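Shared chain: subunit A. Partners: subunit B in the first complex, subunit C in the second.
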Partner chain A sequence: MNRKSNYWGTGRIGKSILLFAPMMMLIMLMLLGSASGGDAATQIARLITIAFFGAMFFLIIYTGKTDKWRAVAFIVSALLFCIAFIHNLILERGSMTFSNAEELSCTIPFCHIVTTMMIIPAAVKQTILFPGSLVEGFASISAMFVIVLCFSIVLGRGFCSWGCFYGGWDDGTSRILRKPVIKKVNNSYKWFSFAMLIVMALWSAEAAEPTYCSWLCPFKAVTENERIVDTITLIKNIIFTLTFAVLVVVLPLLTKKRIQCATFCPMGALLSLFNKINIFEVKNDTSKCIGCGKCEKACPMLAIEKRCPTLTCSKCGKCVDACPTGAMRFHIKGTPIDKHTTIARTLFIFPAYTFLVTLCGGSVANGLALIINLFI
Partner chain B sequence: MKKILSVFAYIWASLGTLTILVAFIGMGSWQQLSLNLPFMRVDPQYSGGAVVDSVVRNNLKISIHENVFPGVFRQSGNGFVQIDVNQCPADTIRIDSLLINNKITTISATPEKAEADGFEIEDFVKLADRWIIRLKIEK
Partner chain C sequence: MVESLLIGLSTSASCVAQCGNIILSIIMAEKKSVGQSYGLLSGFMLGRLLIYSGISAVISLIDSAATIPAGVTAVSLIAVSAIMLIYSIGKTKQLCLGHHFTRKIYSACHGRISLLAFAAGALSSLNICPPIISLIASSIGTKAVFANFAMFFIGTSVFFLPMPLIGAIKNTEAVTKTGRAAALIVSIIFLAKGIGILTSGQI
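And then the complex of A and B:
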């Protein structure tokens, strides 16, 4: 076993099971608690989902590799979420596109990225500038508000690596090649996402529409988009496809960095600010650091500068996995860096993984059921 | 002091999982609570705004919304009035003598299009339970 054996339970089946058992119960509670009935495919999908999330968590504990198994769960969640989401739209409105009818009836699902564009209208005009439902239906405004608020406080920007159903896309594409084609990406590009946050918040308030969603969001290409009825909507759809192709597929593939999340997403910038008040962080124990720079090279969010994670760290754990001496570690602010590494890591991955399962578990099961239905 | 702070930090950190569970399990209640927040209402630009008058014409219940001029920092000079026809008429409808923005108008609509005397139509959509007609107005 490598140096990661300093985590309690790593490499020991019995001890790993002790840490895994409470999470398995939570997974079952979350995925079986709200579910009832369904056809054979749905039941099978639900069981596979429980087994899958359970297995990934067990591997995180047993191998001591946080990012490796988190990424598998995260990427699979993102892909199956989109399949289930599009299927849901087709069932509800017959298409993955929306038109005036959905806007005027306020039935567009609210996504967490919209939050960045709602700040100024909510403060100035005390309204939500989005054609969604307040309570009813899928992804209502109030439900997403509760999710974003609670989980931003608990996880900070950990939201981006442990729950965001979009983040899995470029996390996935950034892992396809073994070595990057573009070897150096300037870390300061990450500050562009803060510029995006400011510009989007102001532009949305000025234009009185959620402009990032209307004009730029790459994930419109794989969730829902505006029906093409004129030149403007055609241009918008071309932009969505281009931003998805460039920022989510091509650049992450070539650089092995999550370019969309790290440099473009305004929500990522907003969540970075929550890192300031968040109790969890990834920290470098400088007494153990040998200055090899592997952490900086591994970080997909361009967040590590001079071997220290900065404000934009999404707590994915890739640098922790890459560190050869165990200097980089999950840490609880206010506690000694050199003690209780297992406690700090466990106290972080429990809420983070619970968040992933509760937010995406249902969609994963639904997406899986659709795939199973294709074969039986 | 450091030790006390450290114990407090561990307790605070261990509340994370609990917070997430409580948030998801009690989602319905949290949603209802969040509705009390002052900004928790959909902008009139999308919702059509508050209903200011309801009339019944030819067995159709008509809801007339407030005048809406979109904008956050400053209102646009061009706005709209939303009119909901709260049933699903199968054929042509005609609504006489509606008072919209201090003007009396007549609205007629078929499943294909809507018209109003003295007003341009901004939007006309047919939903399963109602038709929505938006008339353009100016300040």
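And then the complex of A and C:
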């Protein structure tokens, strides 16, 4: 009997259902609680979404495979989020593109990455880039800031694998090939994202605009972008397309690593710092480790060095799944490494998965409703 | 003079945002102690001071706002970009295009990082940024141009002072690699800015 099959010991199915039930109630509460009415497609989409998120959670608990089922929920969430987002933009604004005037009048949506560019202007100039009068249907910037901050304090960089509605893109492309074409990626490249954080924070303060969003963000290619009216906007759009193609599609495909998240995203670097202060971590029980290196090979975030997860670990659980001896495990800081492993994993997965459903559940249901509407 | 100090203090966020990138990446990339990092910062500041003195001398002589043509700003930005690129690539073991060339230039500067910081400070000051424009506007027609620039320099330098403290961080490898990467990004940004000014003719 291998490690996974006796994960829960006797009565595994019963314990799994016991843990699944409260999460299912939470999912239903989140997706049905605020919903009122809607057409048949919307109702069907909501039910499918509830069933989907419920099933993924049950499988995470029942099989003991964290990353395998998390990734399915995460990737589907990212794809459907973009569909729902673009549809919402077209409904509200009539187009995926925005003008410079609309950007200046703050009537365009934003995402959590802009937080990294708010730090210095907010602290030094008492100015918030992208203030909050935004397109209807999107969260206010203060709400976004509080959500991200709370999540980061509780789960650290877990946000990048359990909450970020962009992360699913390169997580998805990094799983397409069975084996990597580029076999060795230097772990040091992860420090590039910290450099991005420093430079973008300072450059945004100088330029008084969220420079990463304006010039570099790969996900502009699949959400919204500035209307091409002159050479500058043309250059911006070329950069958006190139960064998306290279960092989100080609390199993750060839390396099986989440290159955009691991080496380019300034938000990821900021969240890594929160790994220092939250209680959950992925840790290697060195007494059980046989040094096979499978964890390092599996880690999509370039976070494992000398078989130990480092500051940039996003707690996706891929190394935990890959470890043949169970040495790599979720752990609560301050507790013995060889005890309470299941409790630590469960305590981490509950808030993490709740956050994924909270942030992406509505978008998944909306995106699904749009697809269903195409067929009925 | 007090007004110049206040201009410096109030606009220093902009100075730190623009020039802080440069010196911060150099300080981070060097495995130096806090004291040695202050040495690097001093070199950088000396470069800035030299250029400010030059600008104030020109203003005193011709008493005009048109002291720095756009072309000079563009070329100085491109020069800073080149310095940062050489610095970043020259310090990196594995690299692609221009590896030997940049390594040679970097080697030529080896042991004289302060000189590199000095050049970066001087060139980055040859830039018509909002703080400088504010200062020039308030200095024209006054008799104490040098003193105004000196006070402005002090005002804008305050926020640079904590930067060398980053040398106290223990994980030097992480800081060093981040610093080199930052130098590369700064190089690209300054190059883009310089080319932008050169092609449009506007700052």
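Basically, the second predicted complex is superposed on the first by the 359 of 376 C-alpha atoms of A that agree within 3 Å, B and C clash if a C-alpha of one lies under 4 Å from a C-alpha of the other, contacts with A are read in each partner's own complex, and residues count from 1 in each chain.
Here is the rule we go by: a residue touches a chain if its C-beta (ideal position, glycine included) is under 8 Å from a C-beta of that chain, and two chains touch if they have at least 3 such contacts.
Computed from a predicted structure; not experimentally measured.
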| item | value |
| --- | --- |
| Touched partner set for A:168, first subunit B, second subunit C, both or neither | neither |
| Touching partner for A:362 - first (subunit B), second (subunit C), both, neither | neither |
| Subunit B versus subunit C as contact partner of A:30, first or second or both or neither | first |
| Contacts of A:354 with subunit B and subunit C, given as first, second, both or neither | first |
| Superposition-derived comparison: subunit B or subunit C, residues of subunit A touched | B |
| Touched partner set for A:195, first subunit B, second subunit C, both or neither | second |
| First, second, both or neither for A:150, with subunit B first and subunit C second | first |
| First, second, both or neither for A:205, with subunit B first and subunit C second | both |
| Shared subunit A surface residues [contacts with subunit B and with subunit C] | 120, 124-125, 205-206 |
| Residue numbers on subunit B that touch subunit A, as the complex places them | 2, 5-6, 8-10, 12-14, 16-17, 19-21, 23-24, 27, 30-32, 34-35, 38-48, 70-73, 76, 82, 123, 125-127, 132, 134 |
| Subunit B partner contacts - residues on subunit A that touch it in the complex | 26, 30, 99-101, 103-106, 120-132, 134-135, 140-143, 145-147, 150-151, 153-155, 205-206, 208, 279-280, 332-336, 340, 343-344, 347-348, 350-351, 354-355, 358 |
| In the complex, subunit C residues that touch subunit A | 13-14, 16-18, 20-21, 24-25, 94, 174, 177-182, 184-186, 189 |
| Partner subunit C, residues of subunit A touching it in the complex | 120, 124-125, 186, 188, 191-192, 194-196, 198-199, 202-206, 311 |
